[in-house]
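What follows is one structure encoded as structure tokens, with my remarks underneath.
Chain nomenclature is as follows: A, B, C and D, assigned in order of appearance, with residue numbering initiated at 1 for each chain independently.
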Amino acid sequence: MAIQPTGAVDSGSAVLVSDTYGKTRVRVVKVTRSNGRHDLQEIGVNILFEGNFESCYRTGDNSRILPTDTMKNTVYALARDHATDPIEEFGQTLIQHFLTGNPQIEQIHVEIEQRPWDRIDTDGRPHPTAFRQAGAETRTAILTGTRESVQVSSGFNNLFVMKTAHSAFEGYIKDPLTTLRETSDRLFGTAVKAEWKYASDSAAPLNTGWNTAWNGIRRTILSTFADHHSLSVQHTLFATGEEVLARFPEVSEIHMKMPNKHCILVDLTPFGRDNPNEIFVPIEEPSGYIEATLRRA
Amino acid sequence: MAIQPTGAVDSGSAVLVSDTYGKTRVRVVKVTRSNGRHDLQEIGVNILFEGNFESCYRTGDNSRILPTDTMKNTVYALARDHATDPIEEFGQTLIQHFLTGNPQIEQIHVEIEQRPWDRIDTDGRPHPTAFRQAGAETRTAILTGTRESVQVSSGFNNLFVMKTAHSAFEGYIKDPLTTLRETSDRLFGTAVKAEWKYASDSAAPLNTGWNTAWNGIRRTILSTFADHHSLSVQHTLFATGEEVLARFPEVSEIHMKMPNKHCILVDLTPFGRDNPNEIFVPIEEPSGYIEATLRRA
Amino acid sequence: MAIQPTGAVDSGSAVLVSDTYGKTRVRVVKVTRSNGRHDLQEIGVNILFEGNFESCYRTGDNSRILPTDTMKNTVYALARDHATDPIEEFGQTLIQHFLTGNPQIEQIHVEIEQRPWDRIDTDGRPHPTAFRQAGAETRTAILTGTRESVQVSSGFNNLFVMKTAHSAFEGYIKDPLTTLRETSDRLFGTAVKAEWKYASDSAAPLNTGWNTAWNGIRRTILSTFADHHSLSVQHTLFATGEEVLARFPEVSEIHMKMPNKHCILVDLTPFGRDNPNEIFVPIEEPSGYIEATLRRA
Amino acid sequence: MAIQPTGAVDSGSAVLVSDTYGKTRVRVVKVTRSNGRHDLQEIGVNILFEGNFESCYRTGDNSRILPTDTMKNTVYALARDHATDPIEEFGQTLIQHFLTGNPQIEQIHVEIEQRPWDRIDTDGRPHPTAFRQAGAETRTAILTGTRESVQVSSGFNNLFVMKTAHSAFEGYIKDPLTTLRETSDRLFGTAVKAEWKYASDSAAPLNTGWNTAWNGIRRTILSTFADHHSLSVQHTLFATGEEVLARFPEVSEIHMKMPNKHCILVDLTPFGRDNPNEIFVPIEEPSGYIEATLRRA
């Protein structure tokens, strides 16, 4: 098969500028067993292909289309053949599989989200075959692969955290529509989403392993968030990213999102009561939003 | 005000058989501070009134209606005046407040749901003022109060658990529409919802405290689920409830829901692979559902 | 098989007070074809059994258990054999099927929720084979059947409506925690849930048909809501229910829920602007809640 | 204030590569009144700023930060001063406001999502002051503005549609992991998301108006979807986009997402029944996914 370049091609009234297709939310639970002790892993996989698929769009010629149903089957089959832990390696396994024998594919995007399961403690000991889902937080891996290279990002999503001290917001712009009061003592709640890239020439993640690196970086973000004397969400976001870059030379770049999960101090004066930063109402919307990318200098 | 009975009253073409009104999802975050160490509690409160409100329905006479907006304010004000932990006691505080001075109210239903926040560990120590939301599981209290008595139930919701061993399902009815295969080794996942009542003449929860009782009962349900040799969801539900009644004499009744979070074994034979109970697909729907109430004999 | 009564049986430390099991969210899309014109129907079915299942709970004896997987298969097979429209009749078909040959079942609860699909208009005409999902509103049927009788309720859920005129809330109780201001002109938004029962001796729904009755009752609720001069949510709920009972003699009872989807008037005075009931903020929580049942006098 | 360029600046160990902040989900309901007839509009607004905010990240200097709370207030105030319909014009109003007097802002991204409300019909006529929410579909406007220009996209989201005829999927790649069967007659359901840009030199949307253009383009997408003889999702996505470009010279580019809402044909042969494309199970996950951008040739 002679593969055409996929740049925008003029043919008729419309140009196909860009396109992608794939399967999302392919979920797998994998149980591995060893001497009566089980390990349980739950992942959800998204797979997107880019390449030379224009004939499918224009004429309905499906001869270059690997069905998304087959992508799903492939996740199941490769989960049987290979380790799914760490998810960064399983993502690479998927990319290598699809790039072999599918010349029409130029680039593959894989996202894997892992839901955590902890062991149930019984009589003070972790149970060998019973598990409790640890929460809303997920571990993520995002990979973009071509025949030349694969770029891997690790991260997490939905890490809900709250600081009840050492958080201020003062000295901002006032205009005629300002009603917010400056405060040197507010609640700072957020649901952190972080993704970081490893330097391509760094052997560190391979030396320490993906899981060790992930745990260390997450712990750094948590402890920096906890200890930071925050003057704004931006200030704390930067401090946590900077600390990750400082402590983990294998990380080349980190991207973070910190939506502001506002907790509004309730005005109790109409009820004849003071409120010394004690009673707050959490609100879901509207929501402040901060997002930034930091790179090693 | 002379209060009329609230039974069904014939007046015109329609009888008001039953009615209730109130405020739902009143959320509060409370921070308590002691020598640089903070405690963080997040609750959501539902309040429903029953009583003599028929004139409001028939004629729009609101003279017996305490607005739901005032119910919301009351939660904020009482959260300032009183402890909100344990939630069972704050629920009683709310009921007593509303029953005082509102003769038209005959019965009040209060539900409180507490979202758990754990301390962030930094340098191996729990941080005094930074918190992490522990997960989807919530602690619940359900109270129904009249001027004569208050019935309190404690419980939890959304406790996601999974057994990867000691779970079978065999010997069931087969009919012409049966396709399910019997298995002596399946995954058993569920999201447990439990509510239990304390015996009215029992001083136990007051002796040990609501929090100690709650933690012990939750731990008992978790460990029984983990250790049980399950022949069905029903079998395990009963075993956990029975164990709670056996160990906690202060519990008079326990109600549990166990929706079956199915994990389907993937048939890998079309792909030339076996699947020795290793690769499963979790599905959200359809979902098995089991619910039962157990009482002390 | 000799069936035991299912009342609470003392056996050991725990009594099984009540129990139910079944399958929820069994979804079916059915396409019926007639001379190039298709009909599309989407339903979700919940099925719950009550009866003599105690041996399963106590000993894991599954010999009286029809698996929930078979319930699911039965929905698929009976959807092939029978009309699924109207859903009230398909629910009766399901109940009759399960009560035949399963003496251990005493009562069956079936809930069916239908998601509406409208035809797409092309060139001003409804398309014979292309459909658009009409919205969040669903039609519901709730049936409870025994070997003696089947009770059918029809209804709908998630009917989002809003009145921008003729809605007041005044004359309510004021106490020291009141901050709400009386208003003779507010927005009144709600998501109506309604369920009504048909008189058992009434032939009306059979005469006019389930669909005609359902459409008429829904239209009555909508137009009464629109035209009512509302003095409170309770007042309007009662008026709509009363109107249904007045116009539809075949309806014996109607139950309605009207959560108050609050729209808060924004105070624009800090910004030097008035706000003559023009700019509102819709809030999801907290939410007022009104629920009542009306019966024919 | 002397504004620094916002390119990546090396300062210490971390470079701030990119950043944005703002407010999301600012909701407004606006009621306009004219001779007893009301109009009701509901929108949600997201606002994101890019510019010179580095000092806030590095040192917590908030002197260039317009608080997100003020962004929220600005939406309320400008909704009072200006028309919010069409949303494309209200978005431009917001951008112009913020770019005036905030030299630190270089680019503003505004997204507005409009939830549709239809009038309730009573006695066959649209009611002047009572409304019904039309469904899950929303109308969207996405604007990116600088001091030089504003780029406007219009679109919609969550348009759930289904074809029950004229949809095939055949001739695709088979590999050892393929199990999908080719079919010349399948259900094709999707939730269309579309966004289109208007040519910057086109006066057409101004001539016909934003609302007329939007309605025409949405109708074209619906009717093309309905009438297309689909050989794949890609094939139909392209045909609908091509038709929009052909009929609307003012549109320069269109982007569409069509997640495949699979309906799986149920195998009824184990139950002794055939299934001539009649009974399907809709599944939420995994989900096929197709996304493409078309531009005028």
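Basically, a contact is a pair of C-beta atoms (placed from the backbone, for glycine too) under 8 Å apart; a residue touches a chain by one contact, two chains touch by 3 or more.
Quantities reported herein were computed from a predicted structural model and do not represent experimental measurements.
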Taking mean CA positions as centres, which chain lies farthest from chain D?
B
Between chain pairs A-D and A-B, which one is joined by a greater number of C-beta pairs in contact?
A-D
Chain-centre distance (mean CA atoms) for chain A and chain C, in whole Å, is 38
Where the CA atoms of chain A average out and where those of chain B average out, how many Å apart are those spots?
31
Between chain A and chain D, what's the gap in Å when you average each chain's C-alpha atoms?
23
Residue ranges of chain D touching at least 2 other chains are 27, 73, 77, 177, 179, 270-271, 284-285
Touching residues (chain side chain D, partner chain A) in the complex:
8, 10-27, 46, 48, 53, 56-70, 72-74, 77, 101-102, 169-173, 175, 177-180, 230-235, 237-238, 241-242, 245-246, 253, 259-260, 284-297
Over in the complex, which chain C residues touch chain A? Could you list them?
176-177, 179, 270-272, 284-285
Mind pulling up the chain B residues that touch chain A in the complex?
27-33, 38, 40, 42, 73, 76-77, 79-81, 117, 120-123, 127-136, 159-166, 187, 222-223, 225-227, 263, 266, 268, 270-271, 273, 275, 277-282
